[in-house]
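To start, the structure under review is shown below, and the notes come after it.
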Amino acid sequence: EVSACLITKTDTNPFFVKMKEGAEAKAAELGVTLKSYAGKIDGDHESQVAAIEACIADGAKGILLTASDTKAITDSVKAARDAGILVIALDTPLEPIDAADATFATDNFKAGLLIGQWAAAKMGADAANAKIAMLDLAISQPSVDVLRDQGFLTGFGIDTKDPNKWGDEEDPRIVGNEVTAGNEEGGLKAMEALLAKDPDINVVYTINEPSAAGAFEALKAAGKTALIVSVDGGCPGVQDVKDGVIGATSQQYPLLMASLGIEAIAKFAADGTKPAPTEGKDFFDTGVALITDQPVEGVESIDSAKGLELCWG
Amino acid sequence: MADEAKAATSYEAGLKGASSRVAEFHEDTNTLKKIQHWLHQTPSAVPMIVLVVSLIVFGLLSDNFFKATTLSTILQQIAIVGILGCAQTIVILTAGIDLSVGAIAVFSSVLMGQMTFRYGLPAEVSIALGLCLGTAMGAVNGFLISRLKLPPFIVTLGTWQILLASNFIYSRNETIRSSDIGEQAPALQFWGGSIEAGGVKVLYAVFLMIALVAIMAYVLRSTAWGRHVYAVGDDPDAAELAGVQTKRVLIQVYALAGLFCAIAGWVMIGRFGSVSPTASTGQLGNIQSITAVVIGGISLFGGRGSIVGMFFGALIVGVFEMGLRLVGTDPQWTFFLIGVLIIFAVAVDQWIRKVAA
Amino acid sequence: MEPILKARGLVKRYGKVTALDRCDFDLLPGEILAVIGDNGAGKSSLIKALSGAVVPDEGEIWLEGRQVAFGSPLDARGAGIETVYQTLAMSPALSIADNMFMGRELRKPGVMGRLFRQLDRPAMERFAREKLNELGLMTIQNINQAVETLSGGQRQGVAVARAAAFGSKVVILDEPTAALGVKESRRVLELIRDVRARGIPIILISHNMPHVFEVADRIHIHRLGRRLCVIDPKDHTMSDAVAFMTGAKLPDGVEEAA
Amino acid sequence: MEPILKARGLVKRYGKVTALDRCDFDLLPGEILAVIGDNGAGKSSLIKALSGAVVPDEGEIWLEGRQVAFGSPLDARGAGIETVYQTLAMSPALSIADNMFMGRELRKPGVMGRLFRQLDRPAMERFAREKLNELGLMTIQNINQAVETLSGGQRQGVAVARAAAFGSKVVILDEPTAALGVKESRRVLELIRDVRARGIPIILISHNMPHVFEVADRIHIHRLGRRLCVIDPKDHTMSDAVAFMTGAKLPDGVEEAA
Amino acid sequence: MADEAKAATSYEAGLKGASSRVAEFHEDTNTLKKIQHWLHQTPSAVPMIVLVVSLIVFGLLSDNFFKATTLSTILQQIAIVGILGCAQTIVILTAGIDLSVGAIAVFSSVLMGQMTFRYGLPAEVSIALGLCLGTAMGAVNGFLISRLKLPPFIVTLGTWQILLASNFIYSRNETIRSSDIGEQAPALQFWGGSIEAGGVKVLYAVFLMIALVAIMAYVLRSTAWGRHVYAVGDDPDAAELAGVQTKRVLIQVYALAGLFCAIAGWVMIGRFGSVSPTASTGQLGNIQSITAVVIGGISLFGGRGSIVGMFFGALIVGVFEMGLRLVGTDPQWTFFLIGVLIIFAVAVDQWIRKVAA
């Protein structure tokens, strides 16, 4: 009997919930026993260490891990690999990337970059006097948070200063950064505060689609409109693109990552082969696609109808 | 023998003609003394002063602060914390604490939403059921605390986890979108409606919060039940001996707190548009409401303080948060400064009280 | 005469300590019964058992011939037994009037009271002021003072005033004059007589022998957790009573317990 | 004779209430000074001001001729003033021995005590047991009982034993016998005499006139927040004293304050 | 006059020959009574029983549970919570609460790391400085609480935010990698070392935790300072009147708590290898440590309970978490069940105490 572990950052974010569902479906199909673990809050590193220890104690064959702290987790990953467990990083690569046996990931920086480029192109000449609200995840600035934020700014053509930190930019077009905890409540409150600061905001970057929905409510209540961009590609988010709530979102594929991961573990258990990375990259890229119904020149995108086919819940 | 007893107390003869004058001392009547006395008698005055001062300071620091829209935004941002604070206040007055307030609120909002969208109940019925279920969750807390005599902190720590987990499991982490609710069940979003006067929108939710605070202030001050709540928090043994049904009062208090939380859950739908099981209130609602209560001058050891103080406490936090954002610090520094200002607000409160004592 | 309040074989243990050791008790209608005994003899434990504040481990209690089992002080109060505990049972942060009316507040007449259940503060304060004046506690300057700001004696006065004002069947006073001054003690004794004159029997615990012998009709002497004997103050001297309760002498017909 | 403890013009206000109203005070070396007065007259407030438990709003205090300003009870204790407060100042959950030695614990001899600062429990318990026996508090069954489980009188006994055992310059007793039985009260009076025999002056607050007149060398009569007069018990009857303190009579040469 | 006084107390003649017998009652000596009495006298026994029962239950449910490695893993997982629990215990014994424990721990670990890697101090010096700074942070809490008389909850809520924000700002969100530490400053990772016996690794951190609990148990029980901590928590006014320097004790308690937190921060480096400012202990350490303390039977109102109980409390939580993971419940259900079990553990505790009383 093959047993596997799935360790996600949290289990309340729909992204990870869907990832878990994908893994469970695949595990049931292949006859693998799957146990799931998660951090208690965003950036919860300790719970992930404890989870890896539990997997080792439990004699698992493989671990699928979306790391909260990509540098810090490597010791525990090494311990697991020393115990003969296949460790696959999902969604977020570890640092260094070869700390895991394999990585099935999307490039969060690229996801941000795409929406940044789209927003800049959409605004055209006005991009020079844009007023941008940045709705980030948490003040602890976990790596997704930083990568998506800095990707967006890079795509929009703004100097990011220290690329490992958001909030240190000095470009006057940025009205302010606020944290949202990645949910509607946080998005709404953050947007209200930024609107009080500057009622003329016309571009809104959001860490994910729930916070985008919250930001939209705040704009609606204030009787304003703005270009909202986001990342994730969950079905409600794509629906929001279709309804014109969100201008564009970068879609990622958690179900795919998870099911590929489970397959790799099953294969490893059967004959000991480890998965190979995508050609030319040091990880297996599960891809990212920009979804918008207002395509712009020079940025590749798919429309919301196509996005709804590919969305993950 | 009785005669012997008489003799032994014969010195009481001296009592004859004892003065019946009530002790009266000169009273200082200058204005400062009067202000001090008033401060002493009105526990909610101190947070009010802190509030006014911080309003003035932020008004000076930021041009945008003293705009009507900013002020109404502050009010709407504290609406939910204010309602949770009502729940937290009555619980803390009984020397308890309720860590589950946020979880009850979020779970109630999810229940209201899912009953409408998953089972197709009319929105009004879902709301009524949601309010009842919230009350029931509170009553369970009350039962465990009063009947099994478990410490409130640990009971509500447990139910917090239980309800939050139930919330995620039951909702399958699915958000109900604002536009769907708007079309099919607008009653759920009732409190998101607003009154417009002179270009300034004030949410119904804000009026609801103020009404709840006013009602509870009356109930706590002017009804027997309110006095019993204070007595239970002050000294439960003494209250029991003096004839208060402490257990019943405790259950009622927690159940009522549950109802307030469910109301907060309903308000959340109106305010955020959507129904989201991941709302931060579930995690942070308890700390936020406790902060408001404590800044409002209510003792965590029970029996002392006023709910109006809690209202000012919530406002102080709201004003700080908004003010700091307008002044333009980055979120980490905002977080830092709010920490500083919480301590500062309570220190000022303490200092004024000391001067006034 | 049939006792109005009767107990047989009461036992109360606290861990290793036995506070009541098969204790009997009788209170006759209309009498003032004093209970005297050494410190720690179990007097307070006895009246706590009688007033529902503790549930005895063993033993039975009868009120007016009917067996009762009080689960809480409220039960006993409902049955008409009003008690001043040695610890006074006051809520320190609440006012004097609030404390006196705790659990039996007066409501405003009319719709404010019936519908909005508003308290009738002026009436409660008037009543409280009146009862305190009856006790001569006129040094209380402010009827809205929190009880915690009262002097020890003032606090005790408030508790006694409360019990005397509301007792209907039995009034129990556990050392009501311990912290009171000469004047105030005298008033309490007068009050006790007044209450008896209303036909209500009283249980009085006190260490003040002259007071006990002055007002008591019978004296229950408590020793080592049980009733040693009951004496009539007219037949014995104070000196005898003191000798009995401290174990210096044994009353006739009683043997020291094993 | 120069007073060992002297105060002039003490004022203490609590909000609207004035507990001490320009009060004077003198304690002579080696004497037992009784302080008597109505409930709420301000006796406890006076001794709290003298023992550092409250800081008076105005006024000055001299100990052995040197002006002092106690900021805390510990200061006063350091200066040799030991006090039994009316509220007793005990930690309810701690044992009798712990309470008696609070703030001056005994340490084990040798390395365990010096280096590891280990308490010498057996010695502390022995001492506590001894002092309680001196007071005749033998109904305390278990010296390790938490203070909260003691009867009201037992608790008071422990507090008195503590003060008597450790006082070096002045011992202040605020109603030390209020909750005590006949036997235990007698022992306290004997103890007070013992302490004086050791040359230590005592301030005794009490409502028990016979006791006051029996032991006091001088009586300070307190009324409405200030010293009305000081009388010698040999020159006045108890009846006089009661009349003075309740305002029924005015002592010679004193006018009722405005 | 004195003669008159003599006459008034003449009845005391009856005292002559008063019995000096100490009251003694028969004692039940059957085994049940003895067990009850022992339970009553030993407050930490109850959590121990809960612990043993849960060990047995999980042992039956999962084959992998009763392996030496699993048990040593549980111990190493609670090492940090256990050390933070020592800090929390002494604070709660004084009727306080410390919400900043986790933040102090994380910030101290970041300070130790950055002092070595950013400023190039020798690791030993950084550690010593880190421990001092942690103590200082605790002392600031203590100062605000004892001198300014602010409520502990609100002070530590404020410093929690302040320290967490400072931590993020100061560290610039940078993690120091395990391999770098291993090469350049192995002293930082000291507590991650382990003793191997029969194939089972036990971390030094585990021994440290047990040693700290043992030392504090001794200090609290057998030194004057320990008694003063209890007295301050029991009734601060009484303690002050009885001659305890309550303010000094409070400052010492919070400073010592800060030191323990800094030690926990050092241990974190050893346990996780790296130095990470985002460690969730910063956010969750307070609730975790309070949970351990309360399950361990220590009263949140101060003055009652034993630190050994806290240790068992931490173990109970560790056993539940590991047991549920091995049984394979999904995280939300684990969360749910831990909530249930927290309430259950305290209910059992309460029940046993009641039976034993």
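Just a few scattered comments:
Residue numbering begins at 1 within each chain, and the chains themselves are lettered A, B, C, D and E in the order written.
Here is the rule we go by: a contact is a pair of C-beta atoms (placed from the backbone, for glycine too) under 8 Å apart; a residue touches a chain by one contact, two chains touch by 3 or more.
This is a predicted model, so every value here is computed, not measured.
Any chain that touches subunit B and also touches subunit C is listed here: D, E.
The chains touching subunit A as well as subunit E are B. The chain with its CA mean position farthest from that of subunit C is A. With centres computed as the average of Cα coordinates, no chain lies farther from subunit B than D. Mean C-alpha position of subunit A lies 72 Å from that of subunit C. The mean-CA centres of subunit B and subunit D are about 44 angstrom from one another, to the nearest whole unit. Subunit A and subunit B have Cα centroids lying 37 Å from one another. For subunit D, residues that reach two or more other chains under the stated contact definition are 15-17, 40, 87, 139-141, 182-183, 209-210, 237-238, 242, 246. Residue positions 4, 8-12, 14-15, 18, 21, 23, 25, 168, 332, 335 of subunit B each touch two or more of the other chains. Shared contact sites, meaning residues of subunit A that touch two or more other chains, fall at 11, 41, 139.
Of all possible chain pairs, those that touch are A-B, A-E, B-C, B-D, B-E, C-D, C-E, D-E.
By the touch criterion stated above, subunit E contacts subunit A in their complex at residues 64, 67, 69-70, 73, 76-77, 80, 164-165, 168, 172-175, 177-179, 271-284, 321-322, 325-326, 328, 330-332, 335. Residues of subunit C that touch subunit E in their complex: 15-18, 21, 40, 209-210, 224-225, 237-244, 246-249. Interface of subunit A with subunit B (complex): residues 11-14, 17, 41, 136, 139, 167-168, 176-179, 181-186, 188-189, 192-197, 210, 213-214, 216-217, 221-222, 236, 239-240, 243, 245. Residue ranges on subunit C touching subunit D, taken from their complex, read 14-17, 37-41, 44, 86-87, 137, 139-142, 145, 149-154, 157, 175, 178-185, 207, 209, 224, 242, 245-246. Residue ranges of subunit E in contact with subunit D, taken from their complex: 1-2, 4-6, 8-9, 11-12, 14-15, 18, 20-25, 218, 222-225, 227-228, 230-231, 234-235, 237-245, 303-304.
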